[in-house]
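Mind looking over this structure? Questions follow.
Going by the order they are written in, the chains are A, B, C and D; count residues from 1 in each one.
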Amino acid sequence: MRPENYQAVNHPPSNEYELNFGPNHPGIEGNYAFKVKLEGDIVVAARADAGYLHRGFEKLMEGRLWMQNLAIVPRICVPDPVPMEVCYSMGVEAIGGLEVPARAQWLRVLQLELSRIAAHLFFFGGHAATVGLYTTMFWGIADRDLILDLFEEMTGGRVYHIYNIPGGVRRDLPPGFLKRLNALLDYLESRLSDYDDLFFTNRVLVHRARGVGAMDQKQALEWGVTGPNLRACGLPFDVRRDEPYLVYDQLDFEIPTYAAGDDLSRTLVRRAELEQSVRILRQVAERLPSVEGPIRAPVPNPLAWNLPEGESYTRIESSKGELAYYILSTGGAKPYRVHVRGPSQMHAVQVLEKLAIGARLEDVAQIVFSLDSCPPEVDR
Amino acid sequence: MKGNKVIPIETHERVPARQRTNPWAKVFDPFMDFCRSRSLFLLHYCTGCGAVELPPTVTSRFDVERLGIQPMVTPRQADILLVTGYVATKTLKRILLSYEQMQAPKYVIGICSCTVNGGMYWQSYATVKKLNEYLPVDVYIAGCMPRPEAVLHGLQQLMEDIKTGRANAWQDYFNRYDHYLGNQQALFGDRWQTPTDIIGEARHYGLLGEQTLGEHTALLERIKQPLEVPTAGVFSPHSETRET
Amino acid sequence: MSDVAYKSKGSVLNPLKAFSFMGRKAVTLPLDEPRDGAEYYRGFHVNDWEKCIGCRSCQKICDNQAITMVKIPSLPDDPVKGVRNERPAIDYGRCCWCGLCVDVCPTGSLALSREYIHTCRGDELDSYFILPDPNGMHDKHYGFGWAKSPDSDLVDLNRRPMPEMAPQKRLQSFDEMVHGYSGQEALLEASRCVQCGLCLESCPTHMDAPNYIRSIWEGNLEQAVRDIYQSNPFSSICGRVCTHRCETACSIGRRGTPVAIRWLKRFALDHVDHETVKRIAAEGKGGYLSGHKVAIIGAGPAGLTTAFDLAKKGHEVVVYEAMEKPGGMTRYGIPEYRLPYARLDEDVDVITSLGVKIRYNTRIGKDVTLQQLEQDYDAVLIAIGMQLGRSTRVPGSDNPHVRKAIDLLRMITRGETFPVPRRAAVIGGGNVAMDTARSVARLQMKKYGKVDITVTALEDFDHFLADPVEVEEAREEGIEVLDARGPVECVIREDGTLECLRTVKVISIFDEQGRFAPKYDDSDEQIHPADMVIEAIGQMADLSFLGEALTERLEWNRGRLKVDENGRTSEPWLWATGDVVHGPDVVHAVADGHRTANSIDTCLCGMEKVTQ
Amino acid sequence: MSESKAISHRLDDVLKEIEGVRYTRQSKTRIRVDLDADALPTLLELLQGRAGYVHLSAITCVDWIDADQFELIYHVWSYEDKALVSAHIRISRDPGRYVSVYDIYTPAAFFERDIHEMFGVYFEGAPDMEKFILTEWDGPPPMRKEFDTERYVNETFAWQEYNPEWLREISAQGGGIAVKPSEGAL
C-alpha cells in the first residue's frame, strides 16, 4: 500500500458509519452489493448498488433473431432459468399465434416445477448458511444436483436448458425418465423430515429468523412484493392459479401462506411450496403418458422467421415471484423491444432497502437471503 | 460409452523458475511448491453466472475439499481468484481490487467462454471481452458454464502446475504491469487507480522488469491521490431515514 | 399439506440421528472418473466431414458469431453437386452450447458430443479454436450427445405440395398442368430456405436464388422480380422448364426434398403484373445510344438474352427469326402443357419493350444472306437452336412412318396436322422423348380416347437422362417407359406401313475410352408393335446458311463451331452462342447469352466499325 | 374498442371518467388502454384508489425513434378483478420528460430510475434519479435505438486472435479462413 493512503480522511465523528456490503461478501447473494449506514450495529439506512452483472440483455435481444434469443434468456436468472425460457416462448407464441401442443405444455410444467424445487433447495442452502447452519447448505445443494441430473437427461444441459422454443419444446423425454422422476420425488419427500430437524424447526433458525425483516400485508402490497414473499404475508396470490397458463388449471395444488411476513415465514412458505411442487410433479408424471401427440407446433425455419406485428405481456410465477416479459414485434425477424420484469427487481432493491432499516448488522445477510432475490435478474 | 474415462492430467518437466543462490533451494523450492499446491484457498467472489456451479463444487457432491481447496471470503487470505464467466466493466474494477490485494503467489482461473472472447455477450456494451488483457490468467476452463467435474479438472490442472512451478502468471502482472495498467486505463479512464502499490511490490519481489514501468505507470504516478472514505453522496437525500 | 409447527421444537438427542447416516450411500462422486454426459448432453462439437457440405447454415444461426468457415483444399469442392470444401470451426470463447447449429444443420453432419472437459493454460488459448471432426476435441470419441433427431430438427424437409392436374384431366388438353403456388404456400415454401447459396454457385447464370427467395418470404415480390432479372430475362420460362440444377445442389435436398426454387421463381413472375415487370426489367437501361448495330440470328433464349443485354447497353439490336413466332426451341421444342406460349410471349415482350426489333419469317441464307448482315452490322451473332433431329439409322428408319421427335413437336406447336398413330414407340430417354410421347399421348386421347405409347431408352434408370419427374408423370399418363433397350430394326410391312419396333437389351453404352459404342445382348429381344416410331435421340443445328466459303474459313470442333469461352468465332465479326455451341438447355443458353453480350459489348466499345 | 363486456363495473366507471381514453379488451384478463400523457396520472390515481388496481407490475419504455417519441406502458394488476390493465402513453423524445407516479405506486421508483438510466427519460418528482446499474457508464443511454452496441463493442474491445496448429497447416496447403463469423451472420 502507498503510505499516503493510510491516513484515513473524513471519518464521521460519531458512532454512525457506513459499510460496503458486497459485492465480494459471503452474506450477499451473487454479485450484488449495497451500502449500509449503521448506528452501532443497527442499520439506519441501506442503499442497493447493482449493475455488477449487467449485460444489457434487453439491448442484446433487439439484435438477435426470435429463435436465437432463446439461448440468452435463461441467463437472466441463473438459479432458476426455466421460467425465463417458458415466459419468453409464451410471449412469442402469443404474438405469432402458435398453438402449443398439449404434451409440450405438460413438459413445460414438469420442467418449471423441477426448476422451482431446485431453486428452493438452493435457497434453503443459502439462507441456512446465513444463520450458521452449514450442513443444510451441503445437503440442499447436493440434493438440488440430483434434479440437475434429471434436467441433463431431459434437456442436455445441467443449468441452462434451452429446452423450450416458441411452439413447444425441443425434445421428448428420454425412455424411463418418469420412473427416475418418481424415484427422485420419493427421495425428496423422504428427505423433508431430515430438513425439518436440521433447519426448519431448528431452534437456531426459529429464534434468529422469527420477527426479523418483517413486513405486513399492506406494506408488501404497497412495495410491490410478489411471489413467496407476498404469500408469507398472508395473501394467497399465485399467477399459476389466478391467471392460469399452460395446464395449471388442470392441476390440483394449494397456495400455502403464512401470516407473519418475517424471515421465518418466508422460509417456511418455500418449504411448503416445495411440497406442493412435488405434488404437482406427481400429477404430471401420472398424466404425461396419456398425453400423446407432438411436442412442438410446426415452427418456421429460424433463419427465415418474421413474427407478425404485435405485443404481448406474459406473466408467470417463477420461484421468486411474478416474472413478466413485455415483447413488441414490428413484424421483423428480430424483436423491436423486450422488457423483462423480474421479481427481484422489487425485492432486492426497494424492499430490501426498507426491510434492512432497524435490523441488526448480523441479520442483514439473513434478510437478503430470505427475500431470495436474484441479482442477474435485477441487472439484466 | 464404455472404456477408460480417466482424463489424464499432464505433468511437465520442472522449469527453472528463479535463480537462487541457496544450495538448498533445489530441494526446498519444489517442496514448498508441493505444499502450496496441496492447500489452496478459493476467493469467494461470484463474478458471473458460472458461479452457480461453484456451490455444487464446494459442497458434498463434488467436494473440492478433497483437493485441499476451500472457499475463503477475504482476498488477503485467498490464493485463487476464480473469475466465473462474463465480467461486467463494473465488476472488473472489483476483481482488480481483489486481485491486487491477494498475496503472491496468486493464481487466476478463468472459466466459461466469456472470459476468453466475450462469450455470448460479445455484443454487450457492458462486459469486457478478454480477461487476460487486464490481469494474467493461469488456467482456463471451457464451458458455458463448465460442469463441476470440469472445474475440478481445472483445479487439478492448476495444482499440477503449481507443483511443477509453472503457474507463474502472477509474476507477469508485475513484469508487465504497464501493459495491464494501460488496458485498464483505456477502459476505466485515465483517473483509474487502486490502493495497492504494485510497483513497490514488484520491487519487493524482485520482479521489476523493463515493461513494469512505462507511460501508463507514469500517468498513474501523476494522478495518484489519497483514497477518500466515501461518505456524503452515497445516500441520496431522498433515501429512507429511520421511521420512529 | 403437512404444516411445519411454527415453533422451535426438538430434543437434545436429535444429533444422535447423525449415526443413522452412516448406513447411507455416499453422495460424493469419485474424483478420478468424470461422469458420462447424458444421452442428449450438449458437449463439444463433432462434425462428420463426409456428410458436411460447407453450407454455412450453422454459421448463420449461431447467435454468438462463434463459427468460422475454414476452406480445406484437400476436400472436394463441386458447386454443381452442391458441395463446398469449407468446414465450420468453433470458437469456444464464444460458443454457448445451445445446439441451434445442430438443429438447423441441413445435412445432420454436425452434432454435440458428450465430451465436456477442456482446460488449458493461460498461454494455450489457441486450443479454444477448434475444427470439429468426427473424433471429438481430444481425439477421443465420447459418444454423441445432442445430435440430429426428428424432434429437434428445425429444418423443414418436406416441400409444399404443388397443385397440378390429375393425369386423366391432363390428357384431355394441352393446358398447363402445374397450377403454381398460392401466396401462402409460396411463403411457406420460401421460408424453408436456409440461405446457404449453394444454388447460386450451381446455376449457370449464377442467379441469386437466396436473395429472391428471401424477398418472397418478406412479401416483397417486386424486389424478387428485380433480383431475378439481374441474371435472367427468361424468368417465367425458366420458372417452368428450367433444368433446375439449383435444386440438385440445394442443401435441404440432402435429407429432404429441395426447396422448390424453380416454382418460387415462377410464383414471383406470375404474381407481379406484366407492366411492372417491364418497368423493373428496364431499370438501368442507359438513355444513350452507342450507334453500333448488332444482328442476331435466332430469337431463342440465347439470342434474345444477348439482345436484352446489348439493348440495355444502348446498342441497336435486330433479331432475325426464321419462324413466325419468337422463342426458338422453347416454343417449337417444348409442348404447351409445360410452357404456355402466352408466358413465353410475355418474356419476349419484356425484351422487345427495350427496343429490340425482331424480324420474323426471315431465314438467313434464303431471305437475307449472311454476307448482307456482315455488311450492314458491326457484329453478327448466330444463336440458332438445333432444329434437325438425328436418326438412329437402324434398318427401316427411313420409312415415312418413322418420324423425328423434334419435327412432331414443331408441327404440334404450329397446329399442323399429321396422322395420329394408334400405337407409337419412342426411341430415346431424354426430356424430348418424354415431351413427344406425352404430346402424342394427348393427341391419341383426343382421337381414340386411349393412350398406347412405349418409350424405349438406351440408358437404364440409374443413368436416365430425362428428369425423374417427367418419367413419373409420363407413367401417370399411361405411357410405358422401358430402360436399357437398344433399337435394332423398325419392321415394315409389305404395304409400307410400320409393324413394330424391335429392341434388344443394352449391356453397356460406352466403351473403355468413354466413346459411344453400345453393347447389346441379342438373346433378350422385345417387340413393340407400333404404327409410328418416333426418334428422339438428339438434335443438331442446321448451319448450311453459312455458305461454302465461310464454312471453310471458320474453325470447327467435332462438327461444332469452334468458339472462345465468350462465343466469339475465329471470324472477328461473328459470334455464336446457345445450343449451337453448347447443346440444348434453356438456362445454359441464357448464361451463354450474357457472356456473349459482354464480349460483343466490350469489343464494340473498344473499336470503331468491326467490318471495314 | 371491443364490445365485449368489461371486467368490472368499478373499472368501467374509472375508464368512463377520463377524457379521450380508448381501450381494447385483449383477453378475459387483459385490457389495453391508450390515452394522452397528461391524463395518465389521473387514470392511475383512480385505478389504484377506486378500482383496486394496487399492483404496478411494470413500467415499460419503448423508443420509437422514427416517430421521435417514447412510449411508456404502465402495467397495473388488480388482485380482486384478477385483471391487468396496460396503459399506453406517448411522450416526445426530446426533451423526454414526464411526471413520476411514485406517489401513486411505490414500485414506480425502481422502474422510473431504470428507464431514466437506460433511455434517458427524466421523471419529475421521482424520489431518485441517480445512476444505479450503469454507475461506471458514461456513454449515451444504451437502450436508445440510436446507440449501436455492436459498433461500440468493435470500437472499444479487441477480439481474441487464434492461430492454432491446424489452421497454420491448412493455410500452408492454400486453405484458411473462408468466411469470418461477422461476414456470415444474417
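Note that in this section contacts are C-beta pairs under 8 Å (C-beta built on N, C-alpha and C of every residue); 3 or more make two chains touch, one makes a residue touch a chain.
Only a predicted model underlies this, so the values are computations on that prediction, with no experimental measurement involved.
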Task: Chain pair, C-D or A-B, that carries the greater number of C-beta contacts - done: A-B
Open item on the list: Taking the mean of the CA coordinates per chain, how far is subunit C from subunit D in Å?
Closed with: 49
TODO: Could you tell me the distance, in whole angstrom, between the mean C-alpha positions of subunit A and subunit B?
DONE: 30
Task: Whole-Å gap between the CA centroids of subunit B and subunit D - done: 37
TODO: Compute the distance, rounded to whole Å, between the mean C-alpha positions of subunit A and subunit C.
DONE: 54
Open item on the list: If a residue has to touch 2 or more other chains to count, which residues of subunit C qualify?
Closed with: 27, 60, 63-66, 91, 93-94, 96-97, 125, 128, 195
- [ ] Please list all residues of subunit A that touch 2 or more other chains.
- [x] 51, 54, 56, 59-60, 63, 65, 71-72, 142, 160, 303, 379
Open item on the list: Going by the contact rule already set, what residues in subunit B reach two or more other chains?
Closed with: 60-61, 90, 116-118, 120, 122-126, 144, 147, 236, 239
TODO: If you connect every pair of chains that touch, what shape comes out? Choose line, ring, star, complete or other.
DONE: complete
Task: Complex contacts: residues of subunit B adjacent to subunit C - done: 1, 5-7, 60-63, 66-67, 108, 113, 116-120, 122, 132, 136-144, 146-147, 149-150, 152-154, 157, 161, 166, 169
Task: subunit A-facing residues of subunit D, complex - done: 29-30, 54-58, 60-63, 73, 75, 79, 82, 84, 86, 105-107, 109-111, 114, 118, 132-136, 142-143, 147, 149-150, 186
Task: Interfacial residue positions of subunit C with respect to subunit D in the complex - done: 56, 59-60, 62, 65-74, 85-86, 89, 91, 93-94, 125-131, 195
Open item on the list: Quick check on the complex: what are the subunit A residues that touch subunit C?
Closed with: 64-65, 67-72, 142, 149, 152-157, 160, 162, 170-172, 174, 196-197, 200-203, 206-207, 254, 256, 258, 264-265, 268, 271-272, 275-276, 295-296, 298-306
Task: Footprint of subunit C on subunit D - complex, ascending - done: 160, 162-167, 170, 173-182, 184-186
